[in-house]
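Here subunit A shows up in two complexes: once beside subunit B, once beside subunit C.
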Partner chain A sequence: MSEDFEDLMTNEHYEVLTEVVNIGMGQAGDSLARFLGVFIRLSIPRIKLVKADDLRKQLVELVGNDVEVTGVRQAFFTHWYGEAITLFDQGGSKDLAKLMHYPDDMDKETEKELFLDVGNLLSGACVNGVSEQFGIELNYSPPSILSQNVFVEDLFAADKMAWTHSLLMEVNFSMEEYKFKSHLLIMMTEESIETLAKDLERFMERY
Partner chain B sequence: MTTKVLIVDDSSVSRKMIKKSLPPEWDVAITEAANGIEALEQYKLGVADVMFLDLTMPELDGYGVLEQIQKDGLNSMIIVISADIQPEAAERVKKLGAMAFIKKPIDTEKLSAVLKEHGII
Partner chain C sequence: MGELPDKLSLLQVIIDRVSVGIVVVDRNHNVVLWNSFMENYSEVNTEDIIDKNLFDSFPDLPKNWLERKIQNVFVLKNFSFTSWEHRPYLFKFQHNRPITGGADYMRQNCTFLPIKGDSGDIEYVCITLFDATDISIYENMLKEAIKTLARVSNQDSLTGVYNRRYLELSLSREFNRAKRYGHPLSVVIFDLDHFKSINDTYGHMAGDEVLKEASKRINIALRDSDILGRYGGEEFVVILPETDLNSAHIIADRLREKLADEPIVYSKDVLFEKPEITVTASLGLTAMREDTLDYQTMLQEADSALYQSKEGGRNRTTKYEFVSDGSVSAPAVSAPAPAPAITAPKTQTIEDQVESEPVDVDSELKDVAFQETSELIQDGNVIYITIGHR
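What follows is the complex of A and B.
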């Protein structure tokens, strides 16, 4: 791990960022609860600085590798640059379809649309919830499917990464009495970490 | 008269934000806890006239704290301060005995309004 990147983010930066992400996650959970009409269980955010060639291992640690997932990616840019990736456990897609009144025998294309809609909702609400606390407005790319029905370790190829270090933030959403589970990953790469560290310092000056 | 206040949140940053948001004229003695287990231990020692309680925490979450306090039949003035802003979260904690629910991020205005509404200040 580069010492430069370790030095940029102190323990206090991580603690502030965890609380800020916690608030963003709460807004995303509320959006999902209103959308689906069910109570959403929220996790405690986890944040790590990872190297590109270590990403797969770190993702497996955070998410597990026991079920196939579908990933929806959405880039954000302007002040910070990064990606929000929503992972849907395959086992929970039927629950999602049922709650959204989709047919049991929906085809792959319909399933894809469903994941894009919910991925867009979760990542938009969470990243907006984070950026609003800093008074920052971000722009977003349209959501797209990263991979469909793959194991987590096969989501990314390290040799195709355009970055060496990334700040990886993970939160997850689940439902009582349903199998549905979704992980939201927010990744910010090198060029944004220094900006974010300064934003976090300014944020804490209020307190 | 000094009010004993227990602030329960796994985030030290959040505890700091809550302390900073307390009305400046309010005379308080503050104790902090970083999870539900610590909160119950402190609560039973009598350090809380008023408890500010987070919901999503390790070890024992805020719902668990409320359930235990309700089960033990203890008197409480518990105000939940949470990032989990689902309407059902607020309904659940009120059923478990919380007197109020405040959405994070916290500030003095929100906190003072609730404390005044319940006659605490």
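What follows is the complex of A and C.
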């Protein structure tokens, strides 16, 4: 099974995917910047095939494990199935509130709503940015809080994963004049990796 | 079999009969679609609202917020959501639990969908509205149940302070956090002196009352971030996050005074007339150092300091200090006021009423003159600094 998945995506597939994701994220960053009225710095997306057992280690490598984070997750579905997870550094909520026109003196519930709002905003823009490159329209579930103020290594319980492999795309955002940083993780299911491989084939034929 | 209706009229029927509110607005917030669900609950007919501005028809709507929400969908071409948990409702609708529900208006989960027009651009936003009243009622019940469960499993049932399980969990968490961020952390262990004789003299009910009152006094004296728990028997632990050894020493000795300075009045007693029981405690404390291995080590260190307090004559506070170069820091200052041990009950004869021997605690503490002391004991690399009085 595991070799099957590792064979599904060739190096060429990854190269093309990286390029496409890069373009999609760039567009997402553009529209977010216009919308929020700030300059947004996006990292170069990193794409990996991860095993459930390695996920914690991989996440710590990508995101670091030095601060506590709050995670918002949201499902996307129909053509591809997966979840987008936005990680917010602890302590960034004041800045986010300012950016999103939320009140300064937020209670705990309002703060949650803010995280959900921004999580939805970032993941929607980025997943859309990628799917649009393939001419695909996706649906989204409402966002929900994955966990609050935990270290990245404690974000997932490895023994509770109902999958063995997932395609992981990571991009991080920072905004000028604002302290906070956030990471977006897009994770696709095993079946969707197959679908994506076919989408990439079609994409390569077209260009 | 009759003739099947064409697809469009079939859709029309479904949109009207489905138990979901469906509203479509254009860029100017004029209503393009308003289904029966909306009609029935809002009591605004479809023909009266089509092509009218949504906000004109519903001045109660949170206009600024909702305009921004809709604008987001147009600009970002992105789904958007609201949950009853954060925003209980968008429209003030009646719900199906008016008697048993305990909610004022229908709880609503809303989705905002971008809808493309003929041009290929987003021209409309579709708002779907799900009745979440039932979910909210169950969710609230669940939350209450979880809260009760958490309280029961974390709390010591007698004193109401945290139990040992929760204490160790918190200490392990605080230890990891302090270690990671390089912040200070201190732990205090204290043990009520001669607790057995209180039980023997006044009975276990009185002993329970003393435990309750003692933990209450300590709890009131602590800061919000401090964690007090009963470690077992008459032994308690206080976790002091963001607190170094010297500050913890001052706090701990203040706690000692809180107990010793004023006797506990056991008001429920039937045999004695409200005896005043003076309770003292011996305390031991330690702080996390760079080389502290784990939280258990901290407990052991605090415990060995507590042992020094007991050895030194009780009613005192000892800090565990590890010094590698043998230098000794100055002991902290404390100025405890002397207090009598067990004040004689207002009726004179304990012995007459209960056939028990005069209490240990009495004889041991009553006759000793209280005076402030500070003491240094060096044991290898560990220095115990004790303050208290005898």
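We take it that the second predicted complex is superposed on the first by the 201 of 207 C-alpha atoms of A that agree within 3 Å, B and C clash if a C-alpha of one lies under 4 Å from a C-alpha of the other, contacts with A are read in each partner's own complex, and residues count from 1 in each chain.
Throughout what follows, a residue touches a chain if its C-beta (ideal position, glycine included) is under 8 Å from a C-beta of that chain, and two chains touch if they have at least 3 such contacts.
Note that the structure is a prediction, hence the values are computed from the model and not measured.
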Should the superposition on subunit A be reported as showing a clash between subunit B and subunit C, or a fit? fit
May I ask you to decide whether A:112 touches subunit B, subunit C, both, or neither, giving the answer as first, second, both or neither? second
What is the angle, as a multiple of 10 degrees, that the CA centres of subunit B and subunit C span when seen from the CA centre of subunit A? 140
Touch check for A:54: first (subunit B), second (subunit C), both, or neither? neither
Of the partners subunit B and subunit C, which touch A:142 in the superposed model: first, second, both, neither? second
For A:43, is the partner it touches subunit B (first), subunit C (second), both, or none of the two (neither)? first
Looking at the overlay, does A:128 come into contact with subunit B only (first), subunit C only (second), both, or neither? second
Report for A:101: first if it touches subunit B alone, second if subunit C alone, otherwise both or neither. second
For A:190, using the defined touch cut-off, is the partner it touches subunit B, subunit C, both, or neither? Pick first, second, both or neither. neither
Classify the contacts of A:30 with the two partner chains as first (subunit B alone), second (subunit C alone), both, or neither. first
Min C-alpha distance, subunit B to subunit C, superposed, in Å, is 13
Taking the contacts subunit A makes with subunit B in one complex and with subunit C in the other, which residues are shared? none
Which of the residues in subunit C end up touching subunit A in this complex? 68, 72, 75-81, 83, 85-87, 109, 111, 180
Contacting residues of subunit B [partner subunit A, same complex]: 10-14, 16-17, 20, 56-58, 82-89, 103-105
Which residues, counting only subunit A, touch subunit C once they are in their complex? 31-32, 34-35, 66, 101, 109-110, 112-113, 116, 120-121, 124-125, 128, 139-140, 142-143
In their complex, what parts of subunit A are in touch with subunit B? 12, 15-16, 18-19, 22-23, 25-27, 29-30, 33, 39-40, 42-44, 133, 204, 207
